[in-house]
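Shared chain: chain A. Partners: chain B in the first complex, chain C in the second.
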Partner chain A sequence: MASVSEMYDVTWEEMRDKLRKWREDNHRNSEQIVDVGEELINEHASKLGDDIWIIYEQVMIAALDCSRDDLAWTCLQELKRQFPGSQRVKRLAGMRLEALEKYEDANKQYDSILQDDPTNTAARKRKISILKAQGKSAEAIRELNEYLEQFVGDQEAWHELSELYINEHDYGKAAFCLEELMMTNPHNHLYCEQYAEVKYTQGGLENLELSRKYFAQALKLNNRNMRALFGLYMSASHIAASPKVNATVKKANVKYATWATNQINRAYQLAGRGTKENKCSVKAVEEMLESITMS
Partner chain B sequence: MRMSIKLTTQAYCKMLLHAAKYPHCAVNGLLVAEKQKEKKKDSHSTPILCVDCIPLFHGTLALAPMLEVALTLIDTWCKENKYVIAGYYQANERTKDFRPNQVSEKVGARIAENFSEAAMIMVDSTRFTMGCYEPILAIYDHHENKWKCRDCNVDSFDDWCEAQKITSALLEGRSYESLIDFDNHLDDLRNDWTNPEINKSVLHLC
Partner chain C sequence: MGEVELSCLAYVKMYLHACLFPRCSVNGLLLSSSPAGGAVCVTDCVPLLHTHLPLAPITQLALTQVDVWCAQTQQRIVGYYQANACVSDSSPTPCALKIADKIAEQCNNAVLLMIDGGKMSPDYRVPPIVMYERKDTRWTLKDKHTIMLRQWEETRDIASQLLDSGDHSLLVDFDSHLDDITRDWTNQKLNAKIAELASPANGNV
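Moving on to the complex of A and B:
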């Protein structure tokens, strides 16, 4: 089996830098991390210096994702040896127990961390993840709400809660979570766009109009967000087609929908550049837009 | 007597590759069949052959707008290629959970409005292996507003041996890394959700 460095013709420094990039972007490409990380650890450990500890952590988590308990165990032992008594390493040990579905033992591990340090957010969030893994959505939601009362600025937690609510089809509460995120991150086009999607899904004329506004806002923040563009088109079209709107509102929304149509077409033309496969896509989009506008 | 459904290797393969690409997410997608020219009197003997699979989303499946876009766009694409949307598949986020839920029933019902013999397929991830030694699907039919599970065995495939062999080969070769779903397409329009390269790989291995 060829090594990563042989297959891709990369140096160990490039492999180390790739791992760093994946860490910073929070990528969950676990198979790749295991491939690159395992080789780095086995062949180049001495060259990595202090970087090796964070790499052990990253590779361990990826190994858990890939059911590579052998590799996860090795990384964990190295970390235990270097950082005895560390809460961070204890949490990793807990995650390994989770991966082995030993939830009771994992909970004990996290409880022991919380006994020493009741403000340890990582341990609390892992306990909530266990509830999620066990399918106990209502409990997970309750615990996460309690957590957020204390740690009101934890954006990852707000986002997780919005997803939990969406999966339970509680769109109103999901919208509330996204509103919190938008307030603290007014320039984040993704939160805007997700909020608009939730409003659209809730349905009703008022929510549709709100969704259109937020799709438009997302576009303002990032004019390449295709979901926002399609969303603007869909919401404006539905509003224009609604029997409950007056002629002025209808006219305005037809205008928005037409603008969106042109932008969508342009985006597809730019992407297509005349290739055969994309010609189909462009045509399909044109016909789709035509068919909706006519109704 | 309900018409039986059969899956081609390409359809089964891409479904599993989609689930393999995102093991930590729920995934869903559509199945398409060739449009029948006219309804034959003895049509109960011809099974519906799902020839292809269009992977749709991964992660949060319960939001409406992008699903509507995808359904409309793919419907248009189907008309051009003389296909019809004949089914829906879903793999849930939690491995042990392979029951249909509100999303799968809603989308399935929507497809059944246009195609009465529509199938709703749930992927059973607990039996998902690299070797693909057994079919891991549960197939549901729409009957009087309820979804009823029917037997899924090697007869549900056009050629099970071929499907098993090729799906396993593509999983080993990590072809799922290059599988494109509709979410990937929305991230970058150049990503082609018809997956021509994977289709070529399937043909190549036949």
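Moving on to the complex of A and C:
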């Protein structure tokens, strides 16, 4: 089988830089990381200098994702040799145990880290991940709440908690988590849009109006967010169709829905140009939008 | 109740959908191009989501769009499939039951199909699926003998081939379509590839 460098005509430096970019962007493209990283480690280890250690870590985690225990083990051994007694390496060993579904042993690893360093957030989060993997959502939620009481600024944790609540259909609490995220990340259109989706799901006129506002806010922050555009269309249409709203509110929402329709149409016209491929999906949207009756 | 037949095309796309997003729960709709009445023939499927399955707006949007497309192409929505992120638990979630209920309102022998993640290895001898049907108001397990998958071994091999060649990344679900609306959630390209692989094995899938 051809090597990565042969297939894509890249140098080892480019491969190393690609790995760095994926690290910085926190990409979980594990199969690619394994392909590129394994070749770098096997063929160019001597040229990598001190970068090799962080690459071992990155490749190890990706290898666990792809069930490549052989590769993960190799990376772990190198790291153990270079950094004996390191908490960070201990955590990696724990992750390997998790991948092998040896949850009790993994928990022991993390507990021993926490004994030496009770503020080690990584170990605490791994323990919560184990609960999640075992399907123990109620416990995971409880532990994550406790964690957030101490580490109230941990964005990743707030987002994880919102996902757990959504899966438990506890939309009120999910909304609360997303409110925290929106407060600390006011320019993030994804949080606005997710919040709007949760509000829409909760239902009821008040929540629908909130959802419409936040879909609109998401669009202000990123006018190409299609989910927000569709969300605006749907929430405004539902409000306009509700018997509980007065004529003024109805009129306003009809306006919003119509605006959204036009934007959606434009986006699909642009998308449909030149490619035969998505003609079916474009047609489906056109028909759907034609069917809105604004009386 | 009645028999259900699952086509190669429907099975392969469902399977690839689950493989494309191994860490997420995924879901989709089962379609039929056969007329109503008699056995349910699932001839195609539309992969829907891999994020936030329980949230309403995108699900509603997808159902509406698929409805429209079905009317244009003489198909009907006859069922729903889901694969849970947690492989140890393949039971239907509340949102799965909700959507399946909605489908059953329009199609009285609708099926709910759960993919059993724990049994998805490429050489598994039986299809890794569990089917439910509506008896009174509850979804109950369907008798395995009423589920038919013609040419199972060939179907399974086609799925494995596409996985190995990396062609599963051609699959577009509704979520991916919303990320990039030039991508086609009706999957014409992938359908053609599957048909190509299926033709020597079986005249009509």
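Remarks
FYI, the second predicted complex is superposed on the first by the 290 of 295 C-alpha atoms of A that agree within 3 Å, B and C clash if a C-alpha of one lies under 4 Å from a C-alpha of the other, contacts with A are read in each partner's own complex, and residues count from 1 in each chain.
As a convention for this text, a residue touches a chain if its C-beta (ideal position, glycine included) is under 8 Å from a C-beta of that chain, and two chains touch if they have at least 3 such contacts.
Just so you know, these numbers come straight off a predicted model, no measurement behind them.
Once the complexes are laid over each other on chain A, chain B and chain C cannot both fit and instead clash. Once the two complexes are overlaid on the shared chain, A:Lys251 sits clear of chain B and of chain C alike.
Judged by the touch definition given at the top, the superposed model places A:Tyr268 against both chain B and chain C. When both complexes are overlaid on chain A, the residue A:His27 reaches neither chain B nor chain C.
Within the superposed three-chain model, A:Arg142 lies out of touch with both chain B and chain C [touch as defined at top].
Applying the stated contact rule after C-alpha superposition, one finds that A:Met234 touches each of chain B and chain C. Taken together, the two complexes place residues 28, 133, 135, 163, 166-167, 169, 196-198, 200-201, 203, 211, 226-227, 230-231, 234-235, 267-268, 271, 277-278, 280-281, 283-285, 287-288 of chain A in contact with chain B and also with chain C.
Residues of chain A touching chain C in their complex: 28, 133, 135, 163, 166-167, 169, 194, 196-198, 200-201, 203, 211, 226-227, 230-231, 234-235, 267-268, 271, 275, 277-278, 280-281, 283-285, 287-288. Taken together, the chain A residues at the contact with chain B in this complex read 28, 31, 65, 133, 135, 163, 166-167, 169, 196-198, 200-201, 203, 211, 226-227, 230-231, 234-235, 267-268, 270-272, 277-278, 280-281, 283-285, 287-288, 291-292. Considering their complex, residues 23-24, 60, 62-66, 68-69, 72-77, 79-80, 93-94, 96-97, 102, 174, 186-190, 192, 194, 196 of chain B touch chain A.
Against chain A, in their complex, chain C makes its touches with residues 23, 52, 54-58, 60-61, 64-66, 68-69, 72-73, 86, 88-89, 94-95, 177-179, 181-186, 188-189.
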